[in-house]
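Both complexes shown next keep chain A, but they swap its partner, so chain B is in the first and chain C is in the second.
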Partner chain A sequence: MDLEQLRKIAAEVVAREDVNYLIGWKQGTYGYRVAPVFIEDPADASELIFSPLCTANLATYLTLVEKPPLPRGQEPDTRKVALMVKGCDSRAVAQLLVEKGINREGVVIIGCPCPGMVDHSLLAEKYPETEDLAEIKWDGEGFLLLRDGEEVKLDRYEVLAEKCRLCRYPNPLVSDILLGEEVEPWEPEEDSGVTEIEDKDIEGRWAYWEEQFANCVRCYSCRNVCPLCYCEDCILDRLNPDWINRSVNFSENTAFHIARAFHLAGRCSECGECERVCPANIPLGRLNRKLAREVRDKYGFEPGLDPEAEPFQASYKPDDPEDFIL
Partner chain B sequence: MSDNFNPNIVAFLCNWCSYAGADLAGTSRVQYPANVQIIRVMCSGRVNPLYVMNALQQGADGVLVSGCHPGDCHYMEGNYYARRRLGMLKDLMEFIGVDPRRFNMSWVSASEGHKWKEVVEKSVEDAREAGPFEGFRRRQIDW
Partner chain C sequence: MSAMLLNKEKWAEFVGKLAGKTIWAPRTDGEELRFLPLENGEVPEFDYNNTRVPPKQAVFPQTETMFRFQLGTEELEQPQLEEEMIVFGIRPCDARAMAIVDNLFKWDVEDPYYLKRREKTTLVGLTCSDPGLNCFCPSLGGGPASTEGLDLLMTDLGDSYLMEALTEKGETLVAETKDLLDKAGTDAQKNKDTLVKEAEKKINRSIDTAGIPEGLPGLWDHLLWRNVSASCLGCGTCTYLCPTCHCFDIQDETEGFEARRCRMWDSCMFAEYTMHASGHNPRATRQERTRNRINHKYSYYVDKFDTIACVGCGRCINLCPVNIDIVDILKQVKEAL
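Moving on to the complex of A and B:
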């Protein structure tokens, strides 16, 4: 994508009367870091980037905004928020629209067709992060890494993020402004992570997850980063009823992960953020993708494709499968 | 598992059909296993999936959810929502490694006292085969 064009369009959008600020990505401070940026002044639009390291799903910030009570006589700011989205992020936005978590009039969606993102940890494993900023670009099929003044060509599947290997919607599904050309969707890989667990027997699965959940420190990063976990009154924070105890042990961790995955059933846009931010490297994406697979295969439903659709768990079909009922 | 094991089963029954069905089984003197603890809810659609998990955490070896037959719900559509949600919960629990036999769902109407008996017998048998569910128990702290 042409960065000049991106910055020019972003500056135009921010300069609009009815736009408050724009959420995008900017270069981080060292190594491969990329940080989210909130742009209110058109002059700052030159900070914006869109590179294979822009993994973060910025749709989270739409619902994270704090809305403190206003002083008397002050009107709430009803200006729009502009947001840069990739294909998977746009599904999260569409799902937010389905749930009426945000107003369509309240957002300007700037779609960035995404040729695939780099997995930060895979990249840092092969080419350790340095103090200096490194740059990475799409280069034909693969990636081009500019680091310490040298250019390294990277094979696409060497560093491609898992969510991108499985991606079916690289182009934004909802957008007001589309930057650059749409990319050709690639053939998604078989979801080996989910299949690997499905192939185990019941005890094997329990043992697998026991090992994973035992690492969980209950930092709730997965909840906080998720664009679709935005309940003002979350069951995890609620004291009465105390659904899930705060203590960090296997039983509560398992209950927490079942509840978290279940609350995303038929809603998850598979942006993979929960897995990326997890400090214990728990493969949370597998739980989400398993449910997404069930929802797709059994109920013929895919979240985030149509902003006008009915929410999955708040709708039903008379002929839903009921083979599990006695 | 040994036949001596007596599983605890928590049953969530809807007020309008299944609870009345279980009541009918009682008044008709139908003999069925005494392993079920019945909790009456207003509708099977009221059963939050967290109820199921909490029951398992707090000592149940199996959970049974029962409601009106599709189309007969007192609230028109509550059992359809329940079917969708709990069906997915069952898939998820199976994926995590909870024996699917620990969770059953059934439709029992107010006139089906005998079906209630069969459902209970099946759930008890299932939970007995699956064995005690110790791995998921909530840690009890005795101060």
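Moving on to the complex of A and C:
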């Protein structure tokens, strides 16, 4: 993608009277890091980037926005928020629209067709991160890493993020402005992570998740980063009744993760952020993709494809296969 | 006491001498390296940079049962904290963190749970030979072989560990295992010095903290807080993985008629941390909470205990999902002063 074009369009969007700010990606503070950035002044649009390191889904900031009490007489700012989205991110936005979590009039969606993102930890494992800022570009089928004055060609599947290996929708499904040309979707891989667990017997699955959930420190980064976890009153924060105890142990951690997974069934847009941010390396994507697979197989429904769709849980189709009901 | 050498081949025997004590050491659990009590015969993994979750949980568990009781009765059952513990392989930064946090748990009210555990714990450090990308411990007064908070410092010299006792607890440990230890020569000390110098060279990040503690209160309404917190998700990663963060919450939990009062780590980055019963929240936004995190470490704690509550371990930088970087924040603070 042409960065000059991106920055020019972004500056124009931010300059619009009806736009408050734009959420995009910028170069981080070191190494391979990329950070979310909020552009309020068109002059700052020059900070924006779009590279294979822009893995983060920024859609969460649409609902994470805080509304502290305003001083008397001050009106809330109702201008639009502009958001840069990849294909997977756009599914989260579409699902938010379906659920009326956001208003269509309240957002300007800038679509970025995405040839695939790099898994930061895979990359750092193979090419250790240094303090110096590194750049990565798409290069034919693979990637080109530029750091310390040298160029390293990377094979696509050496560092491609798991969510991108499985990706079926690299192009934004909902957008107001599309940056550059749409990309040709690639053949998604079979989701071996989910299949691996499906293939275990009940005891094997339990043992697998027991080991994973025992490591959870309950930092809630998975919940907070999730664009579709936006309940104002989350059961995790409830003290009376305390549906899930504050005690950190396998039992309570499991209750937390199962509750979250079920709340996301038929809603999860498979952006993989929960797994990316987990400091305990819990493969949460597998859990959410398992439920997505169930919903797809049993109801023929995929969330986030159509912003006009009826929410999955709120719809009824007389011709549902229902082959799982005895 | 002079420095001693422990041949690595004698490790199993060495640990055998310490029978009856719980040995915490880094070991791989699943795919994750963490500090855990060693099972019989398990060999710790000392070839590591640092664990993601700090070893503070050995003395300050994430969830601690203060007492148990049956609903409807008045009898309380208190846990016995008589276990002797040795934490092997703790990095000097994490040991310094414990020394810093000790101040708090000894302050106005003495915390029996924490202090009892600390009293019964021997901290055996491991000199850092390969500091991580975001380590900046020298900026906070630490270093790859800093000894603050440690009872004994081990240094990996290839075939053996150099063992330097630093306190009475450390000397006791050496005395208990003296049959297995050899006296270290001057070359061992020299090798250690070279190793430490090499390690220091690998530390790239730094911050000059001069003026920050005094200057922070004056930056209360500064725009920098808005900028550095804009992308904050409000999760607890930075605080839960911080070796000096020590805030906790206390809850009563029940299962049927079984009840317990327990305390668990809490995080100032959570909205409910300061939520009042009235519904009013004095730190209503992530901006205020981020400001508090920095102020607590670099200003309030300094006022109270004359030490910065950060050891430069770099965990919060490594693991922040959105690249909120404390060194970068501190640089902005310095510029704003």
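Some points to look at:
The definition used in the following text is that the second predicted complex is superposed on the first by the 317 of 326 C-alpha atoms of A that agree within 3 Å, B and C clash if a C-alpha of one lies under 4 Å from a C-alpha of the other, contacts with A are read in each partner's own complex, and residues count from 1 in each chain.
Note that a residue touches a chain if its C-beta (ideal position, glycine included) is under 8 Å from a C-beta of that chain, and two chains touch if they have at least 3 such contacts.
For clarity, every value in this text was computed on a predicted model and none was experimentally measured.
Residue contacts after overlaying the shared chain place A:117 against neither chain B nor chain C.
Of the two partner chains placed by the overlay, chain B and chain C both lie in contact with A:245. Of the two partner chains, chain B is the only one that A:318 touches; chain C does not reach it. Looking at the shared chain after the overlay, A:33 reaches chain C, while chain B stays out of its contact range. Contacts of A:107 after superposition: neither chain B nor chain C is touched.
After overlaying the two complexes on the shared chain, residue contacts for A:202 are found with chain B alone; chain C is out of touch. Of the two partner chains, chain B is the only one touched by A:262; chain C is not.
Overlap of the chain B and chain C interfaces on chain A: residues 245, 247, 249. Across the complex, chain A is touched by residues 29-32, 34, 52-53, 62-63, 133-134, 204-205, 230-231, 233-237, 240-241, 249, 251, 253, 262, 264-265, 267, 270-272, 284-286, 317, 319, 321-325, 327-328 of chain C. Chain B meets chain A in the complex at residues 49-50, 53-54, 57, 70-71, 77, 80-81, 83-85, 87-100, 104-107, 119, 122-123, 135-139. Chain contact summary for the complex, chain A toward chain C: residues 28-31, 33-38, 56, 60-61, 64, 66, 68-69, 129-131, 211-212, 215, 217-221, 223-225, 237, 239, 242, 245-249, 273, 276-277, 279-281. Those residues of chain A that touch chain B in the shared complex are 197-198, 202-210, 235, 243-245, 247, 249-252, 254-255, 257-259, 261-262, 265-266, 287, 290-291, 294-295, 298-299, 312-314, 316-318, 320-322, 324-326.
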